[in-house]
Structures are given as structure tokens and as C-alpha cells.
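This structure is in C-alpha cells; I'll ask about it shortly.
By letter and in written order, the chains are A, B, C and D; residue numbering begins at 1 in each of them.
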Amino acid sequence: MYYHKVQYYETDKMGITHHSNYVRWMEEARIDFMEKLGYGYDRLEAEGIISPVVSLSCDYKKSTTYPDVIGIEVKVVEFKGLKLLLEYIMTNQAGDQVFTATSTHCFLNENGRIIRISKDKPEFYEAINKGN
Amino acid sequence: MYYHKVQYYETDKMGITHHSNYVRWMEEARIDFMEKLGYGYDRLEAEGIISPVVSLSCDYKKSTTYPDVIGIEVKVVEFKGLKLLLEYIMTNQAGDQVFTATSTHCFLNENGRIIRISKDKPEFYEAINKGN
Amino acid sequence: MYYHKVQYYETDKMGITHHSNYVRWMEEARIDFMEKLGYGYDRLEAEGIISPVVSLSCDYKKSTTYPDVIGIEVKVVEFKGLKLLLEYIMTNQAGDQVFTATSTHCFLNENGRIIRISKDKPEFYEAINKGN
Amino acid sequence: MYYHKVQYYETDKMGITHHSNYVRWMEEARIDFMEKLGYGYDRLEAEGIISPVVSLSCDYKKSTTYPDVIGIEVKVVEFKGLKLLLEYIMTNQAGDQVFTATSTHCFLNENGRIIRISKDKPEFYEAINKGN
């Protein structure tokens, strides 16, 4: 579980967390998930791999605000080597789900070509599927 | 058409616009759309209405970066008075689609209760459906 | 000491942390400092006090980037009850100073009037000066 | 004069523009100023020059909020070829000054070495001093 404390600068004049920040927290939790597998974005970039976001789908269930602390769970839904589909569940201190989402990612080499991780980085491929 | 120039502070170390910013541009274009109908968020708030985001679905098709200028089209897909479903198409200077998305919004009164715009604010309801 | 891990979304296309984020980390560390004194912004707001930033002065000494972890020290330079002058020293993992700054804050009541904390909230006044 | 419309996502739960955004608007206006001189950051980067922020000094005079439109004036205070000192004056629709600031910038080549613009890019040096 990754934890993010809502910052004052993440709220808006409605008095709640601005919805765009959840997309940033998804990235925070995803990077933390990758780092725990031994594959931080800095390592991926050092190995010439970048991993752009292909799509997002987000459901806002309950508002949050400063100074809430949000627990974020990340799970691999599917990864056959080309597109990584992740799921996110965010929960507030009371245990209520506040936000759920999925994101899809691909992997590019230094020339911007899509690579098949299962073939080009088999240990990374296995690490992700074990991380599930 | 609403235009947003990509700012330097919106890029990330991949050299491209960070994906979370598109969600902010959706809001910019949506607010512009509402203002052109005569219903800016400041007017809605003055009338005791807030309109939170219920869900988002985003497809990243082509990267953008500083100093691109992105054209953003907003369309009403469906609005029967309760949930407003909007569609966004973002295009770069070359005319390529870079991002498409939908967002769903509801409307709350000052007590946080969901309201039916078709009943409680009929002129606003008609304005949105005409804006389409 | 407060710690902030540089997030990927805080970097820019120069490959380093965008300079505007340090101003946000100042707020994070300041709020943490206040919370440890028992006066989080949520408590201040509940007591009808808001505390806007009056001025900032920032020196950027060394760049940082994802995934650096930045240590942030906050100290009270002067507080006679009207204007709070704080100092910030940010240090990277290697112990190098990366950023130093000061900020000045005043305190307003619910009517937007400046209040003298030493008179209106004497315990808060003492807590800040002890926190030093 | 450069204009920035305050976005909803730039406000915070105090109901006003979060103070960190003014630092971003300074960058927007500075880049616009440079572009009008024919030296956008994209051109500088293409020529192998990056220009980090060395220091900032900011005075917050009046709050702003969505949907204010802020006029931003940028002036060269001093540029002898090494450090560029700029001044910013931000004004609201009513003509009131809301924010004033200065920023200092240096210029680095691709190896991260400080360069003297007056010597290495004399036309750029003259353009800035004429832009004043």
C-alpha cells in the first residue's frame, strides 16, 4: 500500500482535492510499485526504456481534502508483454473507497519504437507478473 | 474551439507534456464552453451549484510538448438533466488528433445533494443542450 | 526534518525539478512544522484563521530530479505576533544544499482582517516561538 | 502585456489562487517575452542553451481567483551578459497590482557550463537589451 497525504496546494476552491491530482497520485503509486519490483523509472530510463500512458479510466467516488491520507493499492490486471493494464483503488482513513481507476501503458525504446517486454526485458516481464 | 498553449512547466523529463495536464485542459475547455453558454462556474457557484467530476476516460494518441498549441473541441454527448456526458477532441497544429476523452459530471446544491438540472435550472438545461 | 521525494510529474523537459515545485514543498514543510506544533492548517481554519503568503525569496543552488529525496528544515526567523518570517533549507541525499528560501506570512480572521496572533491566539504564538 | 486567465485548478481551498501558480505565470510571461524577441526556449534549447532560474523574490499584494484575467508586464532590470535580472508586475482587471516579483537567470551550454551571452550569443544579448 502506498500512502499520499493530500497537500493544501492540491485542493481547489470547491474545498476538495482537485480531480487532476488523482492522476498524479496514480503515477506516484505506480512508480512506487515499480521501484519495489526493482524497476524504478530511473532504471528503466537508464536502460533506454520509456513507458508512456496510453489510456486512463477514472471513477471519482467520494471527495477528499487536506489533510486526508489516502491509501493507494496498485494491481496488475493484465500484462502479456506489450500493454500493461493496471488497476488502482484509493481509500481514505475511514476505509471508504474514494477513487478507482485503470491505466494502460506501453514501452518504447530509445528510437520511440514499441517493444515487447516479454521478449526484450524478460526479467522485468516476470517481475511485473510476480508483483501481481 | 478552445486553444491551450503547452507551457514549459507542463512538460516532464520525458521531454513531453505530462499526461495529467490533459485533464486540466479538459477543465479549461469545459469551463470555456460553459462560459460561452452564459454559465461560467462562477455563476453556477453564485447560484449555489457545484459540479464535480464523476468519471473520466482518456486516450493519449500522440505526444505534445512546449510550445505546441492544442485545439480543444468540447461536445455534449448526452444530458438528460442528471449526468452530463461530455466529449473532448484535442488536435495539434498539424491537425493530428493527440488526445480524446469523455467526462461525466453531476450537479449538487449547497447541501451536497444531487439536483436534476432539467427541473431545477431549466434555462441552464436548455442552454447546454442547445450548445451541443 | 521533513522529507519530500521528487515525483516524476514534478520534473520538466530540462530533466530537472521544475522550479515552481520548491514553493509547493515549502508549503508542505511549513504545514508539517505547524502540525507538529499542534496547529495544522485545518485547525487554524476551524478556528477562523487563514494565513496567506505575503512574500517569498528563493535561491536555487543545485538542481534536483526524480527520484531524489529532499530533506527540508524549517525555522522561525522572527515572529513578533503580526508577521511570521520562516527560513527553509533543502538538502539532497548527498548532504548538499539545493535550495534555501524565506517566506513571510500574516494571519487573517474570517472577515479578512489582519490579526495579532500574540494577542488573539497567545498559545499559538507561544507554540511557534517555542518551535523555533 | 501578457495575459493569463486564472484557471479553476489554480485555486485552493482558501478560495483564491494558490501562491505557487504566480511563479508559473512568471515563466509563461518570461517565455512570451523571449518569444517576442525571437528567442523562444525551443530555439535556445535547439542552440544548446538552457536557462535555469537562479533566484526569485515575490510580493503578494492582493489575492486573485478564477475567473480573473491577470495582465503581466516583464521588464529587463539588468543584463550584462552573465545574469539576467527580470522584473514582473501583475495587475488585475481593475488595474490593481496583485503581485510583483524579480527573477534571476543564468545561461548554460550543453556541458552545464555557465556562458556569457554577450560573448557567445551577441545577437541574443542585444535583442534582450533592446527588448527592455
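Just so we're on the same page, contacts are C-beta pairs under 8 Å (C-beta built on N, C-alpha and C of every residue); 3 or more make two chains touch, one makes a residue touch a chain.
These numbers come from a predicted model, not from an experiment.
**Q** Working from the CA atoms, figure out how many degrees chain A turns to land on chain D, in steps of 5.
**A** 180
**Q** Tell me which chain's centre, taken as the mean of its C-alpha atoms, is farthest from chain A.
**A** D
**Q** Averaging over Cα atoms per chain, report the distance between chain B and chain C in Å.
**A** 33
**Q** Return the distance between the CA-based centres of chain A and chain C, expressed in whole Å.
**A** Taking the average C-alpha coordinate of chain A and of chain C, the gap between them is 28 Å.
**Q** Name the residues of chain A that each touch 2 or more other chains.
**A** Those would be 8-9, 14, 16, 20, 24, 27, 66.
**Q** Help me check something: in the complex, which residues belonging to chain C touch chain B?
**A** 8-9, 11-16, 18, 20, 65-66
**Q** Could you pull out which chain A residues touch chain C in their complex?
**A** The touching residues are 7-9, 24, 27-28, 31, 35, 40-42, 66-67.
**Q** Using the touch rule from the top, collect the residues of chain A that touch chain B in their complex.
**A** So the residues of chain A touching chain B come out as 14, 16, 19-21, 23-24, 27, 50, 52-60, 63.
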